[in-house]
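Below are structures written as structure tokens.
Both of the next two complexes hold subunit A, though its partner changes from subunit B to subunit C.
Moving on to the complex of A and B:
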């Protein structure tokens, strides 16, 4: 029964969600699917609590045992509780945090001056790594590599305002931007479509395998 | 000197100098809006006044420089044209981004003498966990998905909140806008809502996501989209923001932030192309010297 019950639940829910897609006007199908969706929302929301508990379990132990980088783990827990505390405090005592206009509350300050710059900084580092990777990766070793490199160069030249300016300065009209647009609109679209159709077929296959219990990732492969 | 073994810290230094230099340069480059950006603008511009525009903030601060200008300008554009704006978020920090974007748009509109009213012209339904499940549920019923607004008020059948009058499910939304940095985002909106309920949809996305949207744009599932900082710069140009901002400064809050940032992006692109060409010339010459082996 340890295996059969989860498989039956998956089959029941999977079939209902598929039925809803095709038979939405039928009341009992729609209403049942809506109820299942509500349960799913509660499960997803509950996973946040599990996530916090897991972070606490792993990091607290590392801090107590003074493992490597325990200082960073302490910073993680302190900032997590600081933001959580500020959020709860603002929610229960100051409803302005939920208004549309940015208030001057602790939570918004922490968000704007701590979380936002840190996340932006991490993402901005990508620019440096992409530049370094492009510098090393784009080599004319063979024909496909050369095609990739020339396409990348044309896109980089044509997709920015300097491309328009340069194209006109050279008396080429809007050639560079037009070439970049063509590359994005035709070869890129064709490739993306092929990938999307393949991915969609793969998702259908995996979905059916999970619904019928052939694959059971939720049972750790049992 | 072998360029292949060049210390990558020199590349990092070059990128840093060009980025900061580009942002500080006291001029802008002429921005020519692309086709997908013009289509995005037209999708909002051609709606009759009073239309219901739903804007979903599906991103986090990591992509703020690219997406926040699109987000706030979309709210500004919709409210200025007299549409009703319903904000939602499927990313937890999307509510904070909505607050920032909304604050900016209201301040900008106030400076132009336009004063949209909360609950009458706009409303924030807040964050809902569940991603695709939430989208699917909104297709059937928005009141059962979002029972309360962000402030915890029961909004449905409330005469004091007329902005949601006539809104039952996604078929009642005149235009769905998603400002999207990943999943749940535009791909899920297209699969769960756009095609199933035939909802007019546009998107503002990061530059790395833009290439995959062309296929949906050509099939008219997506009426238009803004791709990355260049898309935001296009939208600023179309809304006339380039005539308002000051020319120098690093603040993201200036109305023509994306246009000013395009100077830095242009310089980086062109410098990279130059470096790639030099490195390849060096690579070919060395290969020839070695007798054709790579």
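Moving on to the complex of A and C:
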């Protein structure tokens, strides 16, 4: 019962949603499928409650018991509630969560001056690690490794003003930017395209396995 | 510039430098910023999910449905919804089943909701990706390989377009068609890679290496562009308008790290 019903639900919903693409002009099929997709979207969104409950449970316990690093966990919870409080205040009181004016909405100010800089700095930090990883990994041991390295170097040089300048200074005209464009547009397109075709085939295979209950990731732990 | 704006500027500088301090080593300032980032991201996500999904697609339809049930305005039907908003009670029930995961006794309820989500998204991805990737990409790869009147491999004056940076050309089309086929052959393991298969697979590796190299270069550029953005932000806040926030916070952090280092050295000797 606990296993069979979920498998039947997946089978019924999955087959119906696939059939929807073939019977799109039939109104009741289209409307029902759209409603099912909407319900699925709502259920996925509502699972954010699970995430918040887990964060609260784990961090609150650590703070109360004064475990190691409890101060950081307190900072996490305070920031989370600050953003949530400011956001719900903006939503319910001002009926909007975005603003172009500094000082208009605390939620927007916190997004623009706290979350956004933190997020882009985190990603910017990767520039250093990528550079150091490249320095260690790029060794011209054989032809494929050489192709990897030269493609990366040519793309990096061809897409920045330094590459344009270098190309001009060496009397090559716009050769470097053109080579970078060609690499992105031709061999890169071929490789990406083949990878995407492979990914699509994989998704179709896994999707069918999941719909027909051969693969049951949601029943793990039973 | 108001005091509030200056405060926001100092906040930006502090958290930017706090994250960059990880380049020196893992330290309490970075850990603090990391936890603040996580808290802010979760708090922001919750608000956006509620405002953009849960309220319009769950709360409002149910309120409308209940209002209609108790004799309120009926205009909500037909105008906003194609089906009765009462169906969203199913979404509410499934959401409650998902939340039941937090309990020990009823956590198996969540499987019903998960089964519904998995079924719906597996089907949507299956057909959507087949259309967007499989069919579209195969279609885009079916390129003309021989210059014929009327196809884009011939110029307006009838000359063959051998190679071009933009648009189709003989070399471009051959490389794309052979490249896609070679990479697919490389990942086709049902036949042993011997003879012509080996050659094709080897060519596929070359194409893949150029693809990975290009993607790597592109990623590096994107990250460096973000880095430039952060440096510009720091530069803007290093002026008198912001009371030299970048210099003061930067100096304070350096002083802190030097102080800790000296303290640790002294403690080690003792």
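What we mean here is this: the second predicted complex is superposed on the first by the 212 of 222 C-alpha atoms of A that agree within 3 Å, B and C clash if a C-alpha of one lies under 4 Å from a C-alpha of the other, contacts with A are read in each partner's own complex, and residues count from 1 in each chain.
Heads up, the rule we're going with is that a residue touches a chain if its C-beta (ideal position, glycine included) is under 8 Å from a C-beta of that chain, and two chains touch if they have at least 3 such contacts.
Everything numeric in this text was worked out from a predicted model, so none of it was measured.
Trainee: Figure out whether A:13 sits in contact with subunit B (first) or subunit C (second), or with both, or with neither.
Mentor: In the superposition, A:13 contacts subunit C only.
Trainee: Looking at A:29, would you say it contacts subunit B, subunit C, both, or neither? Reply first, second, both or neither.
Mentor: So A:29 meets neither subunit B nor subunit C here.
Trainee: Based on the superposed arrangement, let me know which partner A:62 touches: subunit B (first), subunit C (second), both, or neither?
Mentor: Touch status of A:62: no partner.
Trainee: I'd like to know which partner A:165 touches here: subunit B for first, subunit C for second, both or neither.
Mentor: first
Trainee: May I ask you to decide whether A:123 touches subunit B, subunit C, both, or neither, giving the answer as first, second, both or neither?
Mentor: In the superposition, A:123 contacts both subunit B and subunit C.
Trainee: Output check: A:175 vs subunit B and subunit C. Expected answer is one of first, second, both, neither. What do you get?
Mentor: neither
Trainee: Regarding the shared-chain residue A:217, is it in contact with subunit B (first), subunit C (second), both, or neither?
Mentor: After superposing on A, A:217 lies in contact with subunit C but is clear of subunit B.
Trainee: Does subunit A have more residues touched by subunit B or by subunit C?
Mentor: Looking at subunit B versus subunit C, the one contacting more residues of subunit A is C.
Trainee: Looking at the overlay, what does A:150 touch: subunit B (first), subunit C (second), both, or neither?
Mentor: second
Trainee: Same subunit A residues contacting subunit B and subunit C, which ones?
Mentor: 17, 20-21, 34, 37-38, 40-41, 44-45, 48, 102, 111-112, 115, 117, 119-120, 122-124, 127-128, 131, 134, 149, 152-153, 156, 159-160, 181, 184-185, 188-189, 192-193, 196.
Trainee: With touch defined as at the start, can you tell me which subunit A residues reach subunit B in the complex?
Mentor: 17, 20-21, 24, 30, 33-34, 37-38, 40-41, 44-45, 48, 95, 98-102, 108, 111-112, 115-117, 119-120, 122-124, 127-128, 131-132, 134-136, 138-141, 149, 152-153, 156-157, 159-165, 174, 177, 181, 184-185, 188-189, 192-193, 196
Trainee: Where on subunit C does subunit A make contact in their complex?
Mentor: Those in contact with subunit A are residues 2, 4-5, 8-9, 11-12, 15-16, 19-20, 22-23, 31-51, 53-55, 57-58, 82-83, 87-88, 90-91, 94-95, 98-99, 101-102, 108, 111-127, 129-130, 132-134, 137-138, 140-141, 165-166, 172, 175-176, 178-184, 187, 204-221, 223-224, 226-227, 229-230, 233.
Trainee: If you look only at subunit B, which of its residues touch subunit A in the complex?
Mentor: Its residues touching subunit A are 4, 6, 8, 11-12, 14-16, 19, 29-32, 34-35, 60-65, 87, 93, 96, 98-100, 102-103, 106, 118, 122, 124, 126, 128-131, 133-134, 136-137, 140-141, 144, 150-152, 196, 210-212, 214-215, 218, 230, 233, 262, 265-270, 272-273, 275-277, 279-280, 283-284, 294.
Trainee: In their shared complex, at which residues does subunit A touch subunit C?
Mentor: 2, 5-7, 9-18, 20-21, 31-32, 34-53, 55, 69, 71-73, 75-84, 87-88, 90-91, 97, 102-103, 107, 109-115, 117-128, 130-131, 134, 143-145, 147-156, 159-160, 178, 181-201, 203-204, 206-208, 210-211, 217-219
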